[in-house]
Amino acid sequence: MSLFEAQGISVRFGGIRAVDDVTFNVEKGEVFSIIGPNGAGKTTIFNLISRIYNSTDGKLIFDGHDFTRTPSYQVASLGIARTFQNIELFPNATLLQNLLIGRHCHSRVGLLSQMAFLPSTRRAEIQHREKAEDVIAFLGLQRYRDSLIANLPYGVRKVVELGRALCIEPKLLLLDEPSSGLNVEETEGMGFWIEDIKKDLGITVIMVEHDMALVNQVSDRVMALNYGKVLAMGSPREVQTHPEVVKAYLGGELEDVA
Amino acid sequence: MRYLFRTDYRQDISVARHGGDLFWYGLLLFVMFVIPLVMGEFYVGELGGVFIFAIAGVALMLLVGYTGLISLGHAAFLGIGAYVNSVLLSRGVPFAITLPAAGLFTAICGAAIGLPTLRMSGLYLAIATLAFGSIVGTVFQKWESVTGGFDGFAVPTPSILGINLDGATGIYYASFVVLLFVIWVAVNILRSPMGRAMVAIRDSEVSAQSMGIHLARYKAMAFAISAGMTGLAGALFAHYVRFLAPDAFDVLLSVQFVTIVFVGGLGSIQGAIFGALFVRLLPQFIAIVRDDLPFGIGRLPGLEPSLFGLVLVLVILFQPDGINGLWQKAKHWFTAYPFKRQQSSRRQKSYAKSERLR
Amino acid sequence: MEDAARLLQLVVNGAAAGCIYGLIALGFVLIYKATEMVNFAQGDIMMLGGFVAYTMITHFGLNYWLGALLAIAVTAAFGFVLDALILRRVIGQPQFAVVMLTLGLGFIFRAGAGIGWGYDSVGFNTPFTNKTVAIGHLVLGEDNLSIIVGTVLLCAVLYVFFSKTRLGVAMQASSQNQLAAYYMGIPVRTVFSLIWAISAGVAAVAGILLSPVSMIDVNMGFLGIKAFAAAVIGGFGSIPGALVGGVIVGVVEQLAGYYLPAGFQEVTSNVVLLAMLILRPQGLFAELTGKRV
């Protein structure tokens, strides 16, 4: 059984079908990339999976559990974490606080216990900190631990967002354009993090990405989209040489090119 | 400069960062404790008023400064707390029960008004609380059988453990203890998941949601906590003024509370205390200089509200970090001298941030 | 028959009051759509407009129409300067900072008006004061009718302006997408100041239309709170919605004042507002909102 399945999901904005009957499944432990031109509906698929949008049709299944109508705030506790295209960190909080917010779905202490900071809250807090410090060590962010996010360079923020998602201890990680805004070296670094996440932490990854070098470096399988429809699916090489995909990227008629 | 070396996770969690903090806070506590023994009745009374406003300030700081929501109806919560406390007290319920009852009932009112309105953007909360405040004000006026209407309501003297909390000194100590309690709760919340959820909501709702934070529930909780603390302040306020009149809890008072938060500095508990000092001392200051002002400005009927308006405008335009920001800057200047850099206190340029789907 | 006539009369009076709420709400909506700010001082700008008209007509002895027109122009210029000098600075600060800023400005305007015009209520002669039109059993005040007619005319003018003129279309474009409008060569910041000017002008019209019905005084800006109810009913993004919302609030308020015990009328608008937020918070004319990630 696949870890994640999307069965014929669709969404419409006004008259435009942003995502049109998309079906795919992701196996446990693989890195699955979604590519396609701007406006193809890649991020919209992420917004459907994290339940920010409602799918008009179809089903979303995770770990054998149908979550097509699960409210957005419960998706994290299912074990699905995500990052955002343009970074959505909490800029006026420190790096450590940002990571601890990632632990939110694991906190079980009641409000009254928090207000009095009872020993149960204290114990839970220390555990959360241990996990957060593990992530800080894993990503090498020690020197920024107590900096405000607003004062960090873009490249570091990108890694922090990845770290915050890891604090959820997800089974499935959604990365929305992890390389956008990064220079060549930082993109390469990001590629290594993704490989480590897959190998060392055993987390399954779905990634939306434009940078083909990064896609080739880390992906097991690739899905190409255009106008909200699936064009091709398969290994990175198969998909990139698929005639429909070439057509979508080059824009012209394939016959003319050939 | 003092460098902190971290050796234990507990260090992050503990309230005091180092021994120096403990010393200074302890000294402050001691001074506040002996003040009634050495100062005159008038000053003790005024400080009691500052404490009560500081309680409301901390309450509103949690909401505005940490959750990013604004309320223009906190005067109504103060009023609800004041009336609940006083009405129960006049029916013979002991103060040890009426005080928490006032806080609890106000918190429930806060949740009831917060839950429906908080599904929408924070803007609606500002408008809804404004409407709520004016409805509650009307209820205080018209529900004469309970509140006494415009005739007012004489508040009985509270007593706790057989000690009558009479006069300025009694209110001073009662308010001081409640203020310490409220600060303790606020600090605990801020180092717990609840506090981090509030900060997350303030900084990015979309992202908070994807971290597993139920926006409406946490906003309503923050609102209820803030309302409940203000209810406690209200119970004390009733004894501070000794006579409740329904028109005391108007929009102007709500604006004063928000002024506490903005003038003190958003996002710091200390700021709420600074702000309360400012807001309570401003009218005293006006009273002193009233006759010396040129052109009869001192005798304008709307002088006080317009000064609050002016202060708000100036702070938002020129000193968004409030008094706390100035304090931090001064502290930094002294500890880092002569290595002060311009950069370290320069404001970041901000751009229009839209919550709208384009 | 008597009852029907009375009911109709209440409805007309309510609609007139509602038009005023609608006009103030229109000011909120124009500014909100463009800049995502809510101007809590809108009611106070209406008050300033009323006082300026009073000065023009009573002190300078101008003809009603000329005085009104000048007052509208002066208030609009005031709105422009307000944005250019103050509100432009807070773009990018959190929304609640803007709420408090405009609230603070409202207090200052009230004090300014108190210094300039005093704290007594004033009024001026209008062509509609104390005149009535009788239709059968129905006796309607010309003052109330003038509010309704004036509002309809103003809306027609605004409609033509926003849909037919270059500047109006530029304003719409800037409201919908600042960045794109900027790239198209529209001076977005000036356009925003102009929107503030229009909204201040609309507020002045409301103040002038209201003056024969109720006197002008420093605290008339508190009507702005009722206008919030109108704007929320309309969905806070819709111009016709604001007017419809205003009329609903006005009519409900009149009916409540007549059929319910004393004390209910003053809270009607607030109760309607809270009920609306609980039952249908997106308003009657909902716009799709939400942040894009």
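Per-chain numbering from 1; labels A, B and C assigned in written order.
By definition in this document, a contact is a pair of C-beta atoms (placed from the backbone, for glycine too) under 8 Å apart; a residue touches a chain by one contact, two chains touch by 3 or more.
Remember, predicted model here, so these are calculated numbers, not experimental data.
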- request: Please name the chain that ends up farthest from chain B once chain centres are defined by their CA atoms averaged.
  value: A
- request: Indicate, using Cα centroids, the chain positioned nearest the centre of all protein chains shown.
  value: B
Message: How many angstrom lie between the centres of chain A and chain C, each centre taken as the mean Cα position?
response: 46
Separation of mean Cα positions, chain B and chain A [Å, integer]: 40
- request: Would you mind pulling out the distance in Å between where the CA atoms of chain B average out and where those of chain C do?
  value: 33
Query: Mind pulling the chain A residues that touch 2 or more other chains?
result: 52, 84, 88
Query: In chain B, what residues contact two or more other chains?
result: 206
Message: Give the residues of chain C touching no fewer than two other chains, as numbers and ranges.
response: 293
Query: Can you list the residues on chain C that touch chain B in the complex?
result: 36, 38, 86, 89-97, 99-101, 103-108, 110-112, 114-115, 119, 176-178, 218, 225, 228-229, 232, 236, 263, 266-267, 269-271, 273-274, 277-278, 281-282, 288-293
- prompt: For chain A, which residues are in contact with chain B within the complex?
  reply: 50, 52, 71-77, 81-82, 84, 88-93, 96-97, 100-105, 107, 109, 111, 114-117, 121-122, 125-126, 128-130, 133, 150, 164, 168
Residues of chain B that touch chain A when the two form their complex: 9-10, 12-13, 185, 188-189, 191-197, 199-200, 202-204, 206-215, 221, 225, 267, 348
Message: Touching residues of chain B toward chain C in the complex: what are they?
response: 64, 68-70, 72, 113, 116-117, 119-124, 126-128, 130-132, 134-135, 138, 141-142, 205-206, 255, 258, 262, 297, 300-303, 305-306, 308-313, 316-317, 320, 349-358
